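Quick one: the structure is below, and I'll ask about it shortly.
So that you can tell them apart, the chains are marked A, B, C, D and E in the order they are listed, and the count of residues begins at 1 in each.
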């Protein structure tokens, strides 16, 4: 029976739960396009735990916990697009490109399913979080009505709320490996019902994703066509991931596919896909009126600023762009819907610029307009500032709305790291 | 129909159509994502089922184990019950009772209970959020849903689905009551919590009520959920598209064509329409669908007289 | 009514069948989980509290409106059956009934009862 | 045939009473609400066996929504809603039990001893039609006053739960000094 | 199945409801007791309609009215609980001495 099932199961995409560190944005996008791999949102649905990318030194936050949540049979694979990691046992490591990775994922999944490879035991010890067995009158660790730690955890306490009903407030750390949030973003939130009452930003669990091409443009002039294609690609990958979180995974895959090998000649196809995104009604159904920012707080934040009506764009000051007749697109709503509209408009604009730029070069004098906003040589990346917006914007939102706002800001969780260690970005 | 035959009929029909829903879901997904070549889609659901059966079922720290076991069973049972209310061809009916649409409505409204239990039982943040989402969603869509189904009973002068079908001999209800079918399909998506209204099991909740479910339990949950969608489509075909009525082809074939046509529309819309916010969904139900459903009742009623 | 006996049978068989599939799964892969395998998922960190709490729903106005409005269904089903037979008078009577109830929806809407409180 | 119906009746009857009793025997508020729903569903099934098919099914239909709302409000306001800490939330247990048993005995005796006329409902017709005719005809006033009553309930309930009342916020200036706060 | 049997079942349900309504401490649980009593009432009403009134539709109408009463009771009950909770942060009858006095 087990063999038969294992043989049948080989035909299905391998459910993989990714723990994606820094520098894996593009790799993750490519992986989502692979028909033999299915990146899932919760470890409970996975077989393989895929650890990829760069992490801060020391233990990877939350990795052991996520590993143990994967139901048996489970297996871990480590892969680093840039090169092999040394601290990982050889047996769990995959070197090589995407194709090698996909082959390895299918192979190990087949092996644990058929039983030729043993399922990995849990990493964390089999110990209760709090001693509770046998304590109290019923032996369940509780005390009275709401006291004690029944079955190992306390019950939530009440807290005031905006509608005058003082009900229980759950404080919980979400992320860093929650499929609904960008990988590595870890938030300490307090929820009452489904509404967020307080947000605290934790240090990111991933290392900085250095936008190398853009950082280089700080020093030397770079071809405009290259920069603009990169910008369009960045936004398309963002769109693909955001569409997935909004439960339009197939359309998301389509935009991710467009991002692969994008050329200015793809403009027609890009416009068709973007029109399809608009036709889903996502602005009106899911985004309108959410997370409106104060224009005075978003200076330098690129699309976020321009969606709030600011004509804030380093390209305006660059002679090459002036020569190309560049005018920034902008929207006035400042909300999530306008941020989507803004990026979608910038995709076609960038393709247009890339097509017309020829071999002109731009920038190189210490300021660059990156896809997330203004990059300067002081080392603070725009992602850092975007993360700072979250506590204020998310407070008072329903959980799903909060997720929509996080994605609409194109938050880079590693921004926090770039701020705490300024040399991180400028290096 | 004797109970044994009823079980065989409904069982086979549900298994076949749930499988086809899974195939359709794959094909539409591939199509929208821009991939051509769907040969693989036909065997894929089988492989996925085998994979889930090879996984261990997950349990959280302190779940409501009985409720967690009951939820998918209840959901699947309700899908099957809803299907029994619908005649599938002239004379082929399990329970074409006088109060047929009440039976169907009762089965669908109980879906809310199954999904709520499924999310609540896990004692984990995201499933619990999903459970409460289902309650809000189902409460918002259930009144317009019942209203448009009742409207189809007006010309039939009966609550029996068989008589509702035969009252469409001259004209299908989809023409007679143009508002009915769209409202029915939207609210039906809500009850089967299928995309774009899969709020209780949405990705922003990491899978919502099924976020902590794995293995065989996840398999039966997905099958049960698809069975609700099948029942919704079958009832849509019977109440609005004349069921098994139609020229040239045999009745059962007409019923199958219409049901799968509606299933295709429902599954397609999941890939093409965005998931609304919770608040938008609630407002949509009460301030758009409900008034439109009332207009549908009274205008169609006046025209029937 | 005998037909509903068949419906009941179908229901019970479906429930049992789903139970059997689950049981088969449990037999193939027995559920014996250690403590860390049972921790609820929230992204990598253990939850501080039980998720079961006094859950603050934001749509209690809508829930109360539903309780009252749903009663209309009970009157509407029998109305639909005799609608054609009774003619215009039935239409007017039900219209009056519904219009009365719609006032409740308008009131709730004006009180922002469909928004997250 | 009638043997099966009798058997089913007793199954449903026992189910209705047992689930009704379990409502007060569980610590989980969600379970309590859904045990009550199970009791209603069993009664609905009994009504179906009594040829009141419509009434039975509509009872089942209505109770899904009503009991889910019940569960939700109980989870909202009861401390320890899932019963993670076992609790006894009863007072005057003995009195209540005696009163309950007394009510049962008295009512059952009335039911068994009183001589009700034996006039069974005619079978073979659809009682829903009679109900519809009754609603639109003689009992029109009942029907319309139900509408008015429901409207009053809606407005009353919504006004009660709204935070922003006409005279300011509902929770302002009404704290009772006598109230003993136990927490 | 007979009228007598139906009435005994209804009496048992009613007894359980009486027990619940008297013994429970929280508002919402008391309401559950009331609902159980109304459940018994519906059963008894339909039993009479079935066995003793020759199918008079007013029996059915009465059953519907009881259902309406149930919905009304629930809606008003929950609204009151919400209001009381908001004002006094209490959910148990014994904490509200004023209401009992």
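Operating definition for what follows: a contact is a pair of C-beta atoms (placed from the backbone, for glycine too) under 8 Å apart; a residue touches a chain by one contact, two chains touch by 3 or more.
Only a predicted model underlies this, so the values are computations on that prediction, with no experimental measurement involved.
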| message | According to the touch definition, list the chains common to the neighbour sets of subunit A and subunit D. | response | B, C, E
| message | Keeping to the contact definition above, tell me which chains border both subunit A and subunit E. | response | C, D
| query | B-D versus D-E: which has more C-beta pairs touching? | reply | D-E
| query | So which chain is the furthest away from subunit D, centre to centre on CA atoms? | reply | A
| Which chain is in the middle, if each chain's centre is the mean of its C-alpha atoms? | C
| Using CA atom averages as chain centres, what separation in Å is found between subunit B and subunit C? | 13
| request: Can you check how far apart subunit A and subunit C are, centre to centre, with Cα atoms defining each centre and the answer in Å? | output: 34
| request: Express in whole angstrom the distance between the two chain centres, defined as the mean CA positions of subunit A and subunit B. | output: 33
| remark: Rounded to the nearest Å, the gap between Cα centres of subunit C and subunit E is 21
| query | Among the residues of subunit C, which are close enough to touch at least two other chains? | reply | 1, 4-5, 28-29, 35, 37, 39, 41-42, 47, 50-57, 60, 63-75, 77, 80-83, 85, 98, 108, 116-117
| Where does subunit A touch two or more other chains at once, residue-wise? | 2, 5, 42, 44, 69, 71-72, 150-151, 153, 155, 158, 163-165, 167, 170, 172, 178, 193-194, 398
| query | Tell me, which residues of subunit B touch at least two other chains? | reply | 53-58, 61-62, 97, 99, 102-103, 120, 123, 125-126, 132, 135, 139, 142, 158-159, 206, 211-212, 215, 278-279
| Which chain pairs here would you call touching? | A-B, A-C, A-D, A-E, B-C, B-D, C-D, C-E, D-E
| So in the complex, which bits of subunit D are touching subunit A? | 76, 79-80, 84-87, 163, 169-171
| field | In the complex, subunit A residues that touch subunit C | value | 1-2, 5, 42-44, 61-66, 68-69, 71-72, 122-129, 150-151, 153-156, 158, 161-163, 165, 167-168, 170-178, 181, 186, 192-195, 205, 398
| note | Residue set of subunit C touching subunit A in the complex reads 28-29, 34-37, 39, 41-58, 116-117
| note | The subunit C residues in contact with subunit B across the complex are 1, 3-7, 9-19, 21-22, 24-26, 28-31, 33, 35, 37-42, 47, 50-52, 55, 57, 59, 62-63, 65-66, 69-70, 72-73, 76-77, 80-85, 87-88, 91, 94-95, 98, 102, 105, 108-109, 114-116
| note | Listed in rising order, subunit A residues that touch subunit E in their complex are 158, 163-166
